[in-house]
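Chain naming follows the written order as A, B and C, and within any one chain the residues start at number 1.
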Amino acid sequence: MRVFNEIAVVTTICIKSIPQRFWASFSTVVAVGLVVTVLLAFLAMAAGFQQTLRGTGTKDMAILMRAGSQAELNSGVTRDQARLIEEAPGVMKDADGKPLVSPELYVIVDGVKKTAVPADGDLKKAPRSNLTLRGLGPAGIAVRPGLKIVEGRAFKPGTNELMVGRALQKDFAGLNVGDTVKLGTSSWLVVGVFELGGSVFESELWGDTPEVQDLFHRQNVFQSIRARLTGPDALKALSDYATNDPQLKLDVTTEADYYAQQASRTSDLIQKLGWPLAIAMAFGALAGALNTMYSSVAARAQEIATLRCIGFSGTSSFIGTLLESLVLALVGGIVGTLVTWVLFDGLTGSTLGASFSQIVFTFHLTPAVALQGIILALVVGLVGGVFPAWRAARIPIVEAYGTP
Amino acid sequence: MSDLYLLWRNLFRRKLRTFLMMLAIFVAFVIYGVLGSIHYAFEHGVDSSADNRLVVVNKITFIQPLPYSYVGKIAAIKGVKNVTFANWFGGYYQDARNQIGTFAVDPESYLRIYRDDLRIDPAQRDAFIHDRTSMVVGEAIANKYGWKVGDRIPLNSNIFTNKADGSHTWELTVAGIAYAAKESFNTSFIIFQYENFNESKTFGKDTVGWITLETDSAAVNETVAATIDELFANSTAETNTQSEKAFGKAFLAQLGNIALIITLVVGAAFATILMIVGNTMVMAVRERTKEIAVLKTLGFPSWRIWRQVLGESVLLSLLGGVPGLVVAGLLVTVLSKAASGAIPGLALTLPVAGLGLAFMLLLGVVTGFLPAWNALRLNIVTALGRL
Amino acid sequence: MTGQTLIHLQDVSKRFVKGKDTITIFDHLGLSIPAGDFVAVMGPSGSGKTTLLNLLGGIDQPTEGSITFDGGRVDTLTEGQLAGWRAHNVGFIFQFYNLMPTLSAARNVELPLLLTSFGRAERKRRVEAALSLVGLAERADHYPREMSGGQQQRVAIARALISDPKLLLCDEPTGDLDRTTADEILAMLRLLNQEMGKTIVMVTHDPEAAKYARRTLHLDKGRFTERELVA
């Protein structure tokens, strides 16, 4: 117990003396805070991107594409193949006995980000970004049970009408209900805005398949087939069927796996950028922390020696100094986390996905991400405190008599 | 002995402290050097494309094809000097994850348009033009896979199907290896004969991905672009013509705001050292208030002491920063090799290094300013406690 | 040995403003020190000893009155001019030596020469000569922390002499030293006065130290009570 009391006394002396070295302590806190902010901004970006793509997939939805095509954009599926899939095993049917299969067209059009709109509002001159336009089959909405139309209505088959994903509508100009969008030579009317669990689909434009096929001169050609599965074993059944039929030769994966694979590359890249940068910066902050703590020990040398003189142990000086460093670093870590939270959490970003089209995502500071930032801060505090603490523990007692 | 010696002795008065400061500065300049080089490579790579080169793409998006017939029609337009085209192949080698930027092109016109960017042996060039199943491989790809002239390589497409056997594979002979004539040119590409490809693909016959052309001079760019877009207006494939530079910039912009991210990170790194070093310099100079007062008593003029303190912080900044830039240069070289030409022109260039040097001087002046000012104003009588 | 007037203070007043109060240190003080003199200034704390030394050394300026050195006015010089004046005319010796801890003995002595245009060889010669004069030629490469108080004070004397000033100002030069060492230092100062003709003004608390001077001035509440030293 005694040693705890000693530590408490030394720690109190250390912490109370922080204001005397205000600028030194302040610079350490700011340095650690900046390091944590940089790390968390990258990690929050990766987490947000991953969440968007992971949230897209469901395990009970199969996605079928031409073998080896890797991404929807490269794939090609014929009408005949789509018909065969309607009769495939493992595919769920609706109340009327119609198979829940949606052959879909995946093409790229372009749009203007709200941030890129020029001052005069003339969209023709603005830099354009690639957007996904998805043509949906008759069952396209029925295969996606989580879909919510939050504004307007669904498009009518056989018309040039569009539905817009929520994320896209927020991030891009001229995509509100009632707006007219010019794609190629034809004009399309935005009639609805939808939400789908914060998924990638919310970065898409949806229209009726035949109309989209017309626009792109791709009659009878689709990019992928979505099919709802009857249960956990259904994927294998469908997969066997699709791979073995020489007319099909399609790759079958669950939507969840497809998007998870697409997510991992980009979010890996973001993390691989974020961590080395943060670690490099942490070395800089460490230099600052060590400096501050050494000067703290030097400033308190006489006090520590006096305590040692009246019987305090070296251990208490060691731990007290270490705690001071950890407190400074922790404050820095918390400040960095708060700054990230205020500046970045909820911020919308967008980047090119695997298919050359924009994916809109939201920076997300998850507790797990925040924890990594705090841990980094504490590591800086620990390493930055341990050497000065060692020096503090070894201050000779005679220093108590020394002249200042 | 000189002022520099005094300055040096003061700088290393506390070796550990000085070393830690140098470490912090070093780290910041490594970060600056690496990120600055990447940023420069991106910006410069796009900027270095010729001024009089235009790209014609489908108005819907550049992924939509254009009819092959457009090539001839564009060639006939006044102000157009050379025309070529390319078709995206979706190529990969062995594993679908090893994607390679592969384009089906017309060899003769393609190499003519990129004559200032690509360097290829004339004999290899002729071989490429005459062999319908041949390809030219960029240096980066040739190095990555160890391909040599004469090798027959089965190249896969994740888009097209080969009519001959229903596979996605085309077997092509390496006719030559292309080197970058400009450092900023990316050589991780493959080009191969369009004619044979056009005849053997199962769909998309007689279409091309985009058309690249050279105008007589950059001055006529706008008129030529307008003429082309008007010519194909209201047809089934309307066009969008813009300079290659603008096209490249727009594509890069879609990746996200790289410049902003780099600026923020470098800014954060610099803010960190500014805090740490600035604060430490103030402390270090405050510690020797008395010595400065003695120097003044001995008759050292104030400006000379001011110069000493400022010189000390600038020297500290240079001692940390210059090795930082050197290490950044090494890292960038390693990175450039690891990326195998994916970021062309990635090197620590003179402008980046020069700006780094300017930042060091600025950092030195900013961190030294307050303590130098304090030293300048220092009153001997009070500083020596002589009241 | 003493000759014409080196320093002349006329009607010198010195006041400090401290908060709301004005503290008067000197009120119309007059003093003449002939060249070649060795003056000890004694007096209780707060009598103005240090301020007098500050004024003589040109590190502080009088509120009123004039200070003449070697026929020229000092009180009218700007701060920058004063620095140059000090470098040429005054050598300082402090109670706590005030050597640069980062420099060796030789470098410390050389320091004032940075303000001159002497070449490398000339500087070296002068530094060696000054160090031999104070008997520390073999200690040239030692750092202050490696030397005793007496040795440090001798380095400080060498530094004060190096640019050959007419006036040496000593502020409690033996205040931090034991008797024997103090006597050595004082004997050295007397030698400098007698053999090299240096004019010395020394502030001290120690009556024994004052005996080495030619005369002692007693300062009390900013006024002199002059008394010739009885040798």
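The rule we apply is simple: contacts are C-beta pairs under 8 Å (C-beta built on N, C-alpha and C of every residue); 3 or more make two chains touch, one makes a residue touch a chain.
Note that the structure is predicted; figures quoted are calculated from it, not measured.
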**Study point:** Most centrally placed chain, judged by C-alpha centres
**Key:** B
Review point. Which chain's centre, taken as the mean of its Cα atoms, is farthest from the centre of chain A?
Key: C
Point to revise | Rounded Å distance between chain A and chain B, as computed from the means of their C-alpha atoms | key: 26
Review point. Distance-wise, how many Å sit between the C-alpha centres of chain B and chain C, to the nearest whole number?
Key: 65
Review point. Could you state the distance in Å from the CA-based centre of chain A to that of chain C?
Key: 72
Study note, to complete from the structure: Contacts with two or more other chains occur in chain A at residues none
Review point. Along chain B, where are the residues that touch chain C in the complex?
Key: 1-3, 5-6, 9-10, 13, 290-291, 294-302, 380-381, 384, 386-387
**Study point:** chain B-touching residues of chain C, taken from the complex the two chains share
**Key:** 16, 50-51, 53-54, 57, 59-60, 79-80, 83-88, 90, 92, 94, 98, 100-103, 107, 110-112, 114-115, 123, 159, 171
Study note, to complete from the structure: Within the complex, chain A is touched by chain B residues 16-17, 20-21, 23-25, 27-28, 30-31, 59-61, 63-64, 90, 96, 156, 158-159, 168, 203, 234, 236, 238, 249-250, 253-256, 264-265, 268-269, 271-273, 275-276, 278-280, 282-283
Practice item. Using the touch definition up top, name the residues of chain A that touch chain B in the complex. Key: 23-24, 26-28, 30-31, 34-35, 37-38, 41, 68-71, 73-74, 76, 107-110, 127-130, 183-185, 215-217, 221, 277, 280-281, 283-285, 287-288, 290-291, 294-295, 349-352, 356, 358
